[in-house]
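Both complexes shown next keep chain A, but they swap its partner, so chain B is in the first and chain C is in the second.
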Partner chain A sequence: MDYFEVFGLPRILGIDLAVLEKTFHELSRKYHPDYFSTAPPAEKTQAVRMTALLNDAYRTLRHPVRRVEYLLTLYGFKADGSKVPQALLTEVFEINEQLEEVKAGRASVEEIDSLRAQIKEKRERFDAELQEASLRWDELVKSGASEPARKEHLARLAEILSESSYIRNLERDLDKS
Partner chain B sequence: MPKIVGIDLGTTNSLVAIVENGAPSVLPGPDGSKLVPSVIYFDGAGQVLVGDRAKEQMVENPKNTIFSIKRFMGKDIQDVREDLPLLPFEVSSESEHVIRLKIFGRDYTPPELSAFILRELKRNAEAALGDEIKNAVITVPAYFNDAQRQATKDAGRIAGLDVLRIVNEPTAASLAYGLDKRKQGTIAVYDFGGGTFDISILKLREGIFEVLSTSGDTHLGGDDIDEILIRLVLGDMGAAPSSPERIPAIRKAVNKAKEDLSAADSSEIIIESLQYRRTITRAEFNKLIERIIERTLKPCRQALQDAGLNPNELDEVVMVGGSTRIPLVRQKVQELFGRVPHTELNPDEVVALGAAVQADILAGGQRDMLLLDVTPLSLGIETMGGVMSKIIPRNSTIPASATEMFTTFIDGQTNVKIHVLQGERELVKDCRSLAQFDLKDIPAMPAGMPRIEVKFLIDADGILSVSAQEQRTGKYQSIEVKPTYGLTDEQVEQMILESFEYAEADIEARLVIEARNEAETVLNATMKGIADEQYANLSDEEKAEITAASKNLRELMKSTNHQTIREGIERLSNATMHLAELIMNTAIAKALKDKRVREIDNE
Partner chain C sequence: MAYSDKVIDHYNNPRNVGALPKEDPNVGTGLVGAPECGDVMKLQIKVNDSGVIEDAKFKTFGCGSAIASSSLATEWVKGKTLTEALAIKNTDIVKELSLPPVKIHCSVLAEDAIKAAITDWKKKHGPKD
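And then the complex of A and B:
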C-alpha cells in the first residue's frame, strides 16, 4: 500500500489538510496498538506496522514539499538537493561566495541580513513555482492526460524540487553559521 | 481482563495508581502514604528496604543507601562522571556499557535497583487491591532515549511485571489533565522533576491527545539545584576537602531549605552534625538557581518552533513535577509563554494518574481516548565519513518506520555492518550510539548486486526494532544486535533468576505456564485466521507452513522448557504474519470504503 492508498486518495498534490487530519484520527482509532494490547502477537505486530505506515503516510502527505518528493519516488524520480539550479548559475555562485565570507566570520551583520533576504526571496520564488506545478499535475491527472505528458511534467517537478531544496540547504547553512 | 496499574517511576518519588469505576486514584502503601521515595537501603545481611524507611538511612549509611538511580538508567560510566564526586556510591570497575554500583561486594545495574522500587509499588498495589498485579504501564521522561526506555522495561521485567507500555511523563500528565476538563485546544506541559526536564506541546481534540512536539533534558532537575546548594555549603566550610560521607547530611539540609523557600522569603540551612548554620534568602537562592531555570527555556523555545507555534497560540500551560513549586520557575515560565501557568494539579501525583488512565485504555476500559505520542530524537544511521544520515526525524508520531536499502562493496561479501544512532547533530561522534547491527548470511553475489531492504521500526514505547530482507531472493536476513548501552535479553533473564525475591520460587515453572498460555492464544488466533476468507489468498507453501507450525507448536507445548515453546510460538507467528497482514489490509480498505459511503450519505 502506498501513502496515498493508506488515506484512500488518488495521487494528487492538492490535499485538504483538515480532511487529511480527520481521516488520520479515524484510522488511528481503528488500528492503534493501544487497542490491541490483549490481542495475539501476530495481530499486535500488524497493528504496530499498520499504524507506523499510517503515521509515515500522514507525516509525508501533510507536508507540501515531502508530498511532492514522495510522489516523485513513486514514479522513480529523485530530487537531488546538491544539484546547482541551472536557471540561476551565476546568482548562486555569488551567494556561495558571500556565504563563505559569513562562515569565515568576515561578514558584517548587515551583509548577513542582506544575504539572508536574498536567499529567502529566491526560496519563495521556487516555492511559488512548486505550488503552481503541483496544481498543474493535479489538472493533468484529473483530465486523464497521456502517460508521456505526465512523465514530462514529473520531470519538470523534479527539477523545480531539486532547485528549491538546493536553496533551502543554502538557507540552512546560513542559519547554522 | 487482569488489572493493569500505572506507575510513575520517579527520580525522587515513585507512585502507583489505577482506574476504578472510571476514575484514577493513587494507591497508598500500608502506612497510608502515596509517595514512595525512590530510595533503596541494603543492610548487608540480606535485608533491603525501599521508600521512607530507606530514606531514613541516607545520612547514617550513605554508601549502601541508593537514591536518584533513574539518572543512571541507560548510561555508562562516562555519562555520569561529573555527578560522581557528590554521590557516595561505589561504582564497579565493570561499568563500560552499563553502570554498576557495588553494594556489599555485589554489583547492581540501574534496572535491578529500579526493580526494587517497582516490587515495592507492586506489593503496595496488591495489598490495596487484594489482587495479584502482573501488568503495568510505566512512565519515563519524554526525552528519554532508546537505551533509557529499554532499561526501564528491563526493570519492570526483573520486578516480575509485564510492561505493556512505556508512556512519556508529560503526555501522561496531559491525559489526567484532559480527563477532568474534557478540554479542547493546544496545551504545553512543562514537567520539571527531580532529575529530568521535559516540555511537550499537545493538541487535544475529541479525545485524541496528539503530541505535536517534545523537547527536554534528561539530566536537569531538582537534583541539580541541590548540587548548587551543596557546593555553596562546601564552599562555606572552607578549603578543607570534604569527605563524601558528609554530603548526605548536607544534601538533606539544603533540600529542606529549598522546599522552605517555595513558601518563605528566607530559610536556614542547619547541619548539626557538622556545626554548620547559615541563612539563605529567596533572592540569594533565585540568583544561584537562575542558570538552571534558564536551561529549561531553550527546550521550550525549540518545542514551540518544532510545533510551528507562537506562545500566544497556546491555550494553556500545565505545570508538572515537584520542581515547579519553586516561585522562580513559575515566574520564568510565565514570562516565556506570556500567561499564568496552570498549577492546580498536584504536581507529584498527576503523572501516575495519567499512567493509570493509559493502563485503562490498554485494558479496554476506555475507547474514546487515544494518545498519539512522538519520538523525541531523530533516528539515523552512520554513512561515509562519520556522518549521521537521519531516517526518522524527531517529533514523528510513533509507531514510525523507515526503510533503507543497503548493498555490498566487495564481490561475495556476506556481511554488512550498520550503526544506528539517535540525536540531532550531523556527526556520528556527537550523536548517541544506539546499536550496531550485523546483516549476515547475505547470498554471495558480485559487489553492489544484493539489495538488502532494512526496515527500522520505532514502536509505541519509543523503542527501535530492525528487520531485513534481501530483495532478489526474498530471504529474511538474520540480524545480530549489539546494543551500545544496556543489557542483553540473556542478562535480563539471568537477573530475574538471581533476583532474591524469586530465589525460592520455581521461576522456570512460571515461565513454562506463561509460554503455554501464550501458545494457546496464538493457536486460537490461527484457527480464527484460517476461517477468514483471506486464507484462500495464501500460497500453498504458506498454508502448508501454517499447518506444520501449528502442529509443531501443539507438540512443543508439552515441553517443560519455556524456550522450546517460545521457539514454536515464534515459528507460528512468522508463518501467520502474511495472513494477518492480508486480514488487516482488507479491514482498512473496508473502513475507507465505509467512510466514503458515509460521506456520500452526508451530502
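And then the complex of A and C:
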C-alpha cells in the first residue's frame, strides 16, 4: 500500500491539508493499538503496522516538497545532479564562499542579511515553480494524459527538485551558522 | 560512522586547495554538484604544452569524504597526461580512502570533476584529431 492509498487518495499533488489532517486523525483512531489489546496477535500486529505506515504517510504527504519526492520514487525517478545548469552551480558555489565568510565570523550583519535575502528569494522562486509544476501534474492525471506525457513531466519535477535542493541546503546551512 | 585515517588526513591537511585563473587558456575548470547533500566541488587543472597536467587546485563545499576525494583527485592528476587522468575511476578513490558505501557518491563527484575540468580545457583548445 503506498502513502496515497493509505489516505484513499489518487496520486495527485494538490492535497487539501485540512482534509488530510482530519483523515489522519480518523485513521489514527481506527488503528490505535489500544483498541486491539484483546484482539488476536495477527490483528494486533497489523494495527501496529498500519499505525506506523499512517504516520510515515502523513509526515510525507503533508509536506509539499517531500510529497513530490515521494511521488517521484513511486515512478522510479530520482533527483539527478548531472542536469543542474552550470549557472546555478556557479551561483551555489559563490553563495557557499560567502557562507564561509559568515561562518568564520568575517561577515558584517548587513552582509549576512543580504545573503539571507538572496537565498530566500531564490528559494521562493523555486517553491513557486514547484507549485506550478505540481498543479500541472494534477491536470495531466485528471485529463488522463498519455504515459510519455506524464513521464516527461515527472522528469521536469525531478529537475526542479534537484535544483531547489541546493538552495534549501544553503538556507539550512545559513540558519545553523 | 567513522572516517578512515586517510580521509581525516586529507580533511585536516587538504592538498592543493585554491583556485587557478579561470580565463587562462591552459586552465580547465570543472564544477560539479550533488543535489542530495548540496555538495559542490570545483576542480581545476593547468595543462602544459606537452599535454601534461602540471598543476591542480580544488575547492569543495561538502562533507569530509567529498573534501578528501577531491583533494586526492588533485594529487593524482598532477603529472599525468589527460588520457591518464581520464582513466582515474571513482572506485580507485573509494579503495584508497576506504570510503563506506554511503559515501561512494563523493568519489563519483570527484571523478566527474576531473572529467569536467578536462572537457573544459578541451573546449578551449578546439576539437583535436
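Heads up, the rule we're going with is that the second predicted complex is superposed on the first by the 167 of 177 C-alpha atoms of A that agree within 3 Å, B and C clash if a C-alpha of one lies under 4 Å from a C-alpha of the other, contacts with A are read in each partner's own complex, and residues count from 1 in each chain.
In this text, a residue touches a chain if its C-beta (ideal position, glycine included) is under 8 Å from a C-beta of that chain, and two chains touch if they have at least 3 such contacts.
What you are looking at is a predicted structure, and each value in this text was computed from that prediction instead of being measured.
Trainee: For A:Gly76, is the partner it touches chain B (first), chain C (second), both, or none of the two (neither)?
Mentor: Neither chain B nor chain C is touched by A:Gly76.
Trainee: Decide which partner touches more residues of chain A, taking chain B and chain C as the two options.
Mentor: Result: the larger residue contact count on chain A belongs to B.
Trainee: With both complexes overlaid on chain A, does A:Gln46 touch chain B (first), chain C (second), both or neither?
Mentor: first
Trainee: Applying the touch criterion given at the start, work out whether A:Leu27 contacts chain B, chain C, both or neither, answering first, second, both or neither.
Mentor: Touch status of A:Leu27: first partner only.
Trainee: Tell me which partner A:Pro10 touches in the superposition: chain B (first), chain C (second), both or neither.
Mentor: So A:Pro10 meets neither chain B nor chain C here.
Trainee: For A:Pro148, is the partner it touches chain B (first), chain C (second), both, or none of the two (neither)?
Mentor: Neither partner.
Trainee: When the two structures are overlaid on chain A, which partner does A:Asp56 contact: first (chain B), second (chain C), both, or neither?
Mentor: In the superposed model, A:Asp56 contacts chain B only, not chain C.
Trainee: What residues on chain A does chain C touch that chain B touches too?
Mentor: Residues common to the chain A contacts of chain C and of chain B do not exist here, since the sets are disjoint.
Trainee: If you look only at chain C, which of its residues touch chain A in the complex?
Mentor: 31-38, 40, 42, 59, 61, 112
Trainee: Looking at the complex, which residues from chain A come into contact with chain B?
Mentor: Touching chain B from chain A are residues 1, 6-8, 23, 25-35, 37-43, 45-53, 55-56, 58-59.
Trainee: Quick one: in the complex, what on chain B touches chain A?
Mentor: 1, 164-165, 205-206, 208, 210, 358, 361-364, 367, 370-372, 396-402, 457-460, 518, 521-522, 524-525, 529, 569, 573, 576-577, 579-581, 583-585, 587-588, 591-592, 595-596
Trainee: Help me check something: in the complex, which residues belonging to chain A touch chain C?
Mentor: Chain A reaches chain C through residues 79-82, 84, 86, 89-90, 92-93, 96, 99-100, 161-163, 165-166, 168-170, 173.
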